[in-house]
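Okay, structure first, notes after.
Read from first to last, the chains carry the letters A, B, C and D; within each, the first residue is number 1.
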Amino acid sequence: MSDQPSAQRVYSYLGPAGTFTEAALAQVEAAQGQVWRAVHNIGEALDDVVSGRSDYAMIAIENSVDGGVAVAQDALATIPNLRIVGEYLVPVSFVLVARPGTRIEDVKVINAHPVAYGQCHAWLGAHLPKHEHIPASSNVLAAASLLDGSLADAAIAPPTITKHHDLEVLATDIGDNSNAVTRFVLVGRNAPVGERTGSDKTSLIVELPEDRPGALLDLLEQFSTRGVNLSLLASRPIGDELGRYRFVIDADGHVRDERVADALLGVRRFSPNVVFLGSYPRADRREITTTDEHENEVFVSAREWLDQVISGEESH
Amino acid sequence: MSDQPSAQRVYSYLGPAGTFTEAALAQVEAAQGQVWRAVHNIGEALDDVVSGRSDYAMIAIENSVDGGVAVAQDALATIPNLRIVGEYLVPVSFVLVARPGTRIEDVKVINAHPVAYGQCHAWLGAHLPKHEHIPASSNVLAAASLLDGSLADAAIAPPTITKHHDLEVLATDIGDNSNAVTRFVLVGRNAPVGERTGSDKTSLIVELPEDRPGALLDLLEQFSTRGVNLSLLASRPIGDELGRYRFVIDADGHVRDERVADALLGVRRFSPNVVFLGSYPRADRREITTTDEHENEVFVSAREWLDQVISGEESH
Amino acid sequence: MSDQPSAQRVYSYLGPAGTFTEAALAQVEAAQGQVWRAVHNIGEALDDVVSGRSDYAMIAIENSVDGGVAVAQDALATIPNLRIVGEYLVPVSFVLVARPGTRIEDVKVINAHPVAYGQCHAWLGAHLPKHEHIPASSNVLAAASLLDGSLADAAIAPPTITKHHDLEVLATDIGDNSNAVTRFVLVGRNAPVGERTGSDKTSLIVELPEDRPGALLDLLEQFSTRGVNLSLLASRPIGDELGRYRFVIDADGHVRDERVADALLGVRRFSPNVVFLGSYPRADRREITTTDEHENEVFVSAREWLDQVISGEESH
Amino acid sequence: MSDQPSAQRVYSYLGPAGTFTEAALAQVEAAQGQVWRAVHNIGEALDDVVSGRSDYAMIAIENSVDGGVAVAQDALATIPNLRIVGEYLVPVSFVLVARPGTRIEDVKVINAHPVAYGQCHAWLGAHLPKHEHIPASSNVLAAASLLDGSLADAAIAPPTITKHHDLEVLATDIGDNSNAVTRFVLVGRNAPVGERTGSDKTSLIVELPEDRPGALLDLLEQFSTRGVNLSLLASRPIGDELGRYRFVIDADGHVRDERVADALLGVRRFSPNVVFLGSYPRADRREITTTDEHENEVFVSAREWLDQVISGEESH
């Protein structure tokens, strides 16, 4: 029992218990023993952070099969004062569950979130070609409702569902891609950027100047000319008219790496709107390297050289 | 009564009557008086074309607010022997409908497709802050089901819904962006590319080589170095592992334009997989121009020069 | 009479009086009333500066017809601790002179510096097709020696030659290009870079890394990506083996312009050897402008933004 | 004795016998037993070819220490209907020669071509610091004239000079760089380009469009984007005004290589003036390779793909 409940940190996540998002949150060491707040969607989770109801929100940002999570990307692009502080990967595997006693040949109606449903397209076509689909806002809710008056015969759910609900697994691993992975990010409020770990990622959202052909090429060159690799470049409509996009970027490295900082300066100079979303440790812990000419000390020594040149100490 | 029913062309579209897709199909002159086949989803529409049940499928490909339609982009990337032959724009406007007699203050549960629901976020937050959302696979179906035992009190639907169903409009223009537009494409089977109109678009899907940093920059340069502007560059996961993408590209111009053909050759040379989706008239009828040095005759005269140079006729 | 002769500055130049180099030096306001030291060649002039015998050397660096002056470029590339402090343009016009009484039809042998001789090729071919040429180390010396036992009948010289020597002009304006201009630079020892004037030029000599294809492209991009235009890019052999070059560069702008400083940092990071030769006022007094995104304040505000981003004050 | 003297080919070269140019011509197998015509300068040699007096001219084009031979580059840029058909390398080594009986300490005046003189700068500074220099139009002539009334005490000449003249060698290997090499090209009249050997070089002279910043970058990209490496990029003034240059380019590969042909088409499309100087075997016999994506068959298969795409046979 703590007499300082306010000292506890609050983490919002897409609930209820049993979701992949909860599995991502379970990977966060600092979140253990803190308050976990289950919410209904990504917008609500981020709103908790903005309003101060929570300290952090765990949100899905990309799936290896389905692509970027548009609502998460758009929210990060438009809600100010948010920062990504960590990245987590959760393997995505689906089971088909039903009320105890149901046989697979009895399944006529399936309740599932459209994304999960889409990822099980091949298995369903092969084994239940005549089923009907009722879309759900959460697979876990869909599964739970089987025991609570659902019209459906079965639901698609994460394998952990049976820990929470008394359901029977009719089939396992029914996803089309057995290596499917969802990438999550932990989002907090603005704060000083953490230290570099050598295995970092920097996330940005960049709007291109309107009236300049080749602007995307220029954007990419800001990174390539400094030896900074991009692991993600996704476009999202700005929304005001067809054909106007902002770009969601994940760059290898940390803003405290000289080359990344320099690339960000370059981007900022020509973009009418850059959102810095954070520099944080990578989920894959892969060490980020670059060519010799883009190492930190090369940047430092170039600056020293320029100072000497201007002061007239040395020209060679 | 026709004694030659096989002479009629069949167009599949996301039904039922009243959808935005039907509004797109209504723009196709050649489709008037032909067979319109309402289907349940984009996959089914394209499958109709592949199997020969239909000649064409009208599918949504991009929304100015919500972005690319992932399922359409992924289907075009993976289903062989399809060709885009036309592009159509439909303004997207939403109304809130209910059973006759319903008052807006009685609306507690709203049935709507998640994309439409997302586009009405602001209006709903302001006017019905406490509502619940039931996701639907089609707005028109959601609206129709209000009269057929739906648990919902209201539905989000296109303004044309009242032509087809006896529903009451509680509010009009509830979308967050009053300029929202959805872009549709008409897809047929492989056929010779049509003639250029001077206002054309060429669609491609390109996979990048795996082991080459800067490959995206190289891809973009294939176009920029020939004066070809891109109106769309979207990434989609290939699906086999996180971090591998294919790019959906709309280029200004026609494959019968020399500069576009040359750019496609450049792209094909370094990409392990290029899908040519078609060259077709633009919905906006905007004339595509380029700089003098990328006009057709410049390409032709360069080839003539090279022939002379090789044959030794002329060196200047 | 001054009792502080050491307070006078010494300027070395390619003499004797009457050369184009002297005409360039005559344009230097600060040189009026100082010591002018005529030397025999560019190497000697620069050596005077290095050794302290002179404060400045005026040397020819480029001719609009004949191109870069190789010996000057190579000397600046290899002699340390020199700085260009000014640039001067001298129109190049040639006359054919002879001993008084000589008729043009009597001219059989012409004495001239090979560069001047080359620039009068067309006139000589048309008017004196059968002449012989004796190369000279200086046109002024060649002309002077006509009165001092020279074997030649005529010499090619600057129009001012008759101010210094009692010679007869047989033909004027005999150069192939009546707009020919020679560009001179005034060179001193290392010293703090002067202030920007808004009409400046920055000179560099850059060696490319040996084992990197595309290195020249990367070098040029360091400038173009910062909106810095190059008015000169010339290659000179490094001299150790065929195919290895250093590049002589004149960039628009001053090292105290943010964009130029940033470009120099970029160049320095990848080049094994950069020689900064100076930032100095342009001879043509043309104001150097750039696009809005490369103005000084854009660089400053990008740095402020990055500081805020890292300290967590602001992400938008 | 031949009764068909007209069947013999004539080769012009910078004479007299003993020059480095003659050594280059000695490397040409096809020139053995043909007519060798010694001329006084490069212009005369090329003029012989243009007028038909000779079939070929051997001319120096670049020296590893002194750089490009401006007069040769400018002549090739402006004289139409010439073609380079071969490349030859001659090591450059100098000796100091004098009349028999001369001691090195007696040498006060040295006669030498300015380029050779420049290449012996260090040795002369160390061993004959007080000498005077008389420039000559040819080292061999300077040496020969020592026996024919020359005012000079010694001359700088190729080591082979003693084969032709009764002179005494005072010092050998007096050049500053013992690896110095001069590159020569054999020039004929326009003719069909020869077959590729796999070890080829293609020479061009390219003028940049006047009013386009970044044009040089665009020029270089035409090659890099097709995997074509440049072994030479030199600028020469066009001559009409300061700051306007044409570029002398040697590209790896043969115009019958698909990638080189494609690059040339690209260059031709944006340059107001391209001079194709020829594709010919390299002196160093180095095999030219490129990355897989720029091999000939990749170009061919891309064209086949595009044809299929346009005819509607295949989209994948």
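Descriptive notes on the structure:
The definition used in the following text is that a residue touches a chain if its C-beta (ideal position, glycine included) is under 8 Å from a C-beta of that chain, and two chains touch if they have at least 3 such contacts.
As the structure is a computational prediction, the values presented were derived from the model and not from experiment.
Counted as hops between touching chains, the shortest connection from subunit A to subunit D is 2. Superposition angle, subunit A onto subunit B, using Cα atoms only: 180 degrees, a multiple of 5 between 0 and 180.
Centre-to-centre separation of subunit C and subunit D, using mean CA positions: 26 Å.
Averaged C-alpha coordinates put the centre of subunit A at 57 Å from the centre of subunit C. In whole angstrom, the spacing between the mean C-alpha positions of subunit B and subunit C is 60. Counting partners per residue, subunit A has 221 as the residues that reach two or more other chains.
The residues of subunit C lying in touch with subunit D in their complex are 43, 62-68, 70-71, 89, 114, 118, 121, 133, 135-137, 176-177, 179, 181, 183, 213-214, 216-217, 220-221, 224, 229-237, 239-243, 245.
Contact residues of subunit D toward subunit B in the complex are 80-83, 190-193, 209, 218, 221-222, 225, 255-256, 261, 264-266, 268-270, 273-277, 293-294, 298-299, 302-303, 305-306, 309-316.
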